[in-house]
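Shared between the two complexes below is chain A, which has chain B as its partner in the first and chain C in the second.
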Partner chain A sequence: MSRIAGLRPRVGGLRPRAPGFVALGLGALALVTFPYWSRDWESSRYATTVLRDILVFAILALSLDLLMGYVGLPSLGHAAFFGAGAYAAAIASQRLETEALFVTLPAGVLVATLLALGIGLFAVRASGIFFLMLTLAFAQMVFSFAFQATDITGGSNGFAGVRRPELFGISFSAAEELYVLVAVSFLATAFVLWRITRSPYGRTLVAIRENERRMRALGYDTRAIKLSAFALAGALAGLAGALSAYSLRFVSANDAGIGTSITAFVMVLIGGAGTLAGPAVGAAVVILIERVLNSYIPFSQTVLGVVFVVFVLAARQGVVGAARTAWARARG
Partner chain B sequence: MSPELAFLQALNGISFGALLFILAAGLSLIFGMMDVVNLAHGAFYMLGAYIALSVVRTTGSFWVALVAVPLALGALGLVVEPLLLRRLRGRHLDQVLITVGVALVITDLIRLKPDWGAEVRTLPPPDALAGSIAILGNDYPVYRLFVIAFGVTLALSLAALHRRSRAGALIRAGVDDAQMLSALGVDTDRLFAVTYAIGAALAGLAGVVAAPVLGLQPGMDVEALVLSLIVVVVGGLGTLGGAQVGAALVGPADTFGKVFVPQFALFFIFAIMALVLLLRPSGLLGRIRVIR
Partner chain C sequence: MIDVRDLHRSFGGVTALDGVTLAVAEGERRAIIGPNGAGKTTLFNILTGELAPTGGTVRLAGEDVTGRRTFELARRGLARMYQRNELFDPLTARENVALALTAKAGPYRFGGIPADEARAADELLERVGLAGAGATPARALSHGQRRQLELAVALATAPRVLLLDEPTAGMSPAETARIAELIASLARSLTLLVVEHDMDVVFRLADRITVLHEGKVIADGTPAQVRGDTLVNEVYLGKVIAE
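What follows is the complex of A and B.
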């Protein structure tokens, strides 16, 4: 039970050389400025919204991948921190009557981190499938709190009218500016995780996944390290949650519910766990099916379900893993 | 709270516990035996309830549904296991993904079927059990007493089968060491398919029995899945006794939680789960340690 089948170590996979860095930088710039250079397109506004939601979920999936792909902790309750971040940002804005980004965003991240510390204290004592069941149950506890504490969260009606933030006079209330905020947050998250997973700390996480007993014998406090990773992943999920609250101007109890947890979970698996590009690709695949396909056919959820089944049976390493294998084979 | 009211609430709690047992027994069986966390369990439960709705509409008989639904879900299990799960033995994350996929397809089809649909539906209890009787001066629905009797009878007969029958012996052996069982010449592939079918049939049965009490609505699958997970974690994984004890504890705890702290009723059973895990990491009767 110490190792979970389906996940392989993949440390130091992406190592861009100088031309790579330039391409990466240009790509990042193009991503951040998307609503401006696509302005003349007929569907620019729609595409911006869809891309924004993909990026919000990509942050969530990236944070979950830190747990699933690197520490080997498959959490099926990650939406708890997403929801906590969304509610905390919305409630802080409402109660403190402020739109300041440097108040509401840290509020979301902080509450999500504290919640992750509390749940993690229990959850990291389990591993594998038991960790999965515990996180699922605890997240459902958060969901039921959000669903029932009507005077704080709005209960089953949800929390409507979340105000969009501003920072030092720059307002993010227009769709374009908000998109830039989300895109920059996504790039920052990806960069932070890229640094972390290549740091000694990141190697320690992978080593714990591969052989926790040995790491304990070497003197590492593996439980504390796993808890720290759990809290870090919770913090980033809280960031995604706060961005989601700004984007939709609405927080629903379902944001903390099992549906969102499962969505994040499959994004990581479909894209490829243990990679940085994977979760983002997974987020794009799932959101495109859920959002775009849904407006053409009524049974998009069935399609999504079938996609899961096909992925398990045909492409076990996810999109990115399969692409790498194909690339390696093409090069001989 | 007056003693009479407390007694009635206790009856409610036991009746809910009986439902939980039927639901959780299947999940525990599949997990303990096959080491598969079947996240489609809630969807099977939901499908069972909606098939019961259709059967009652066409035949007019609840009792036909009570027999037909487990058979239908069992047949579905017999298809799903060999087709999808057999090749995934030991690959937990893939099992999670594929059972979630199955659950998505089932709930989507339920939503799209016009006479099942996305709205709340009710299934009346059979005529023979429709009324209520006076208990300690209060009216109490007969159907809930039936649920208790049904759950207890099922628990006793499952326990008898589990301990005394050949199939029960094979299942116990499979939980202990499926590989050894296979080496001894038992066709474990067939055994696993049958186990999965029994688990699915139990989920469907729970759907039929619960429908007149809890109703049919979108989201009932997730609720059922989470509740049955809690029951098996509290009671202990992989043993029938675990599902019994877990259900007997969680059912009344949920009911009394709703009476005493209505705002945080759901909170209450999670607190119990956390406490049990802290004091007994393998659940009350389980042999598999959940946390270290």
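What follows is the complex of A and C.
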């Protein structure tokens, strides 16, 4: 077996992969410019909004997958960082009376990161179902705080009237420009995670998932490494939260609630944990069922539930995993 | 190099270690033998910091390291081959070794995987008899090959002290001979602690032998002294050799 693997010519260098990169680049360009080239469509504005929300949740799901799929830490409290990022960006804009993207976006990411460091310090000591329960409990604390701290967050009324950002004179207040900001953020997140999964750091995360005991015996401080991944995932969830606040111009305690955590969790599972495309596909499937299908058929939430059950029972590896398996089988 | 004083450990009502005292000099090759359940693996688990003792102290190179965490002890040069393999099953043999080779460089590296890494890993794989298996996932290797990989991973951290827990367990006679030879060929500056049931391997390899029985040291001496010890023959050697 090893002999055969060794003999198979390695597809390396730029040339054989160049068509792939060109296609990926064109796809990225098409994604970012979607509102402009779809302008003549009857439903262009609606489609732009749906796509924007898919991409916001895709960032959230990608960040959660770093924990679930790579480190093997299934979190049911990831919305805490999404909510923290959303509130922090909104509150920074309000209190500092600024729309500057380079103030409000870092505020969202920073607060989410610090919160993740604080929660992670305790959470990464646990694993499996205990990690799940611990993250859930911490997120519920964040939710309760957001729900009750009316002076800061708007409490049960939510935080309305979030201002859309601007950067060096470019305003992102129009739907098209805001969409571009979200799409670029999504691509940047996907690129960063793609690099990470191919770096020594990313391999370390997978190795901890596979055998933490061996990693400790090799001299890796696995607790610190898991904490770093938890903070990184929190930072990216905070980015998604800030983008959500700009998009909806509204933040509610539910953004940090169990419903949002479960949505992200389901997106990762449906799309395929441990893959990069999976969470994005999962975000698309879930949002399309929730939003688009909802206007054609009743009980879209029930449909979503059924889809989820089918995936858990029949396709553990999610859409992307199942597609890969089918592709490998087709090639022999 | 390793200095263990009056080590105790119990699991609920079971006493696994009952006052073990043992000193291993730098560069010494020490075999630890005794029947199943004698406490050999428990002793290793305490040495690596994976288990806390209920009493006693462990010194490593003169320093009291009792209660230190496993990764800290590993960074001080302690490596271990487990009785039951602890590998990264879906990763290739090469990646298994590379993770050990680069442990000192640290995990926070976000660039590409260094190109020279594969060659260093393959050299080590070749040394343990796994030439050509670099691209094979650990889970696809045979039992004997997995033992060899387990040894390669332990060696890859360039340890000062190496703990081997039944290195030849489950191996064919040919594989046993080969791995015993490999262990014998390791640098003399390396301090070795070997738990092993194959007495040919033990008597060939060991400078000194410690015999554990029911959590106690019942004999400690040169191979010749231990072979002549009546108590040892009664509780252990007699049975092993009769088998």
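FYI, the second predicted complex is superposed on the first by the 315 of 332 C-alpha atoms of A that agree within 3 Å, B and C clash if a C-alpha of one lies under 4 Å from a C-alpha of the other, contacts with A are read in each partner's own complex, and residues count from 1 in each chain.
Keep this in mind: contacts are C-beta pairs under 8 Å (C-beta built on N, C-alpha and C of every residue); 3 or more make two chains touch, one makes a residue touch a chain.
For clarity, every value in this text was computed on a predicted model and none was experimentally measured.
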Partner chain in contact with A:T302 - chain B first, chain C second, else both or neither: first
First, second, both or neither for A:M141, with chain B first and chain C second: first
Chain B versus chain C as contact partner of A:P200, first or second or both or neither: second
Touching partner for A:S228 - first (chain B), second (chain C), both, neither: second
Touching partner for A:G219 - first (chain B), second (chain C), both, neither: second
Touched partner set for A:E210, first chain B, second chain C, both or neither: second
Chain touching more of chain A, residue-wise (chain B, chain C): B
Chain B versus chain C as contact partner of A:F130, first or second or both or neither: first
Residues of chain A that lie at the interface with chain B and also at the interface with chain C: 5-6
Chain C - residues contacting chain A, complex: 48, 50, 69-71, 74-75, 79-80, 82, 86-91, 95, 98-100, 102-105, 107-114, 132-136, 140, 153, 157
Chain B-facing residues of chain A, complex: 4-7, 68, 74, 76, 122, 125-130, 132-134, 136-138, 140-141, 144-145, 147-149, 257-259, 262, 265-266, 269, 273, 298-299, 301-302, 304-309, 311-313, 316
Residue ranges of chain A touching chain C (in the complex, touch as defined): 1-3, 5-6, 195-196, 198-201, 203-204, 206-207, 210-211, 213-222, 225, 228
Chain A-facing residues of chain B, complex: 35, 37, 84, 87-88, 90-94, 96-98, 100-105, 107-109, 111-112, 222, 225-226, 229-230, 233, 263-267, 270, 273-274, 277-278, 281, 290-292
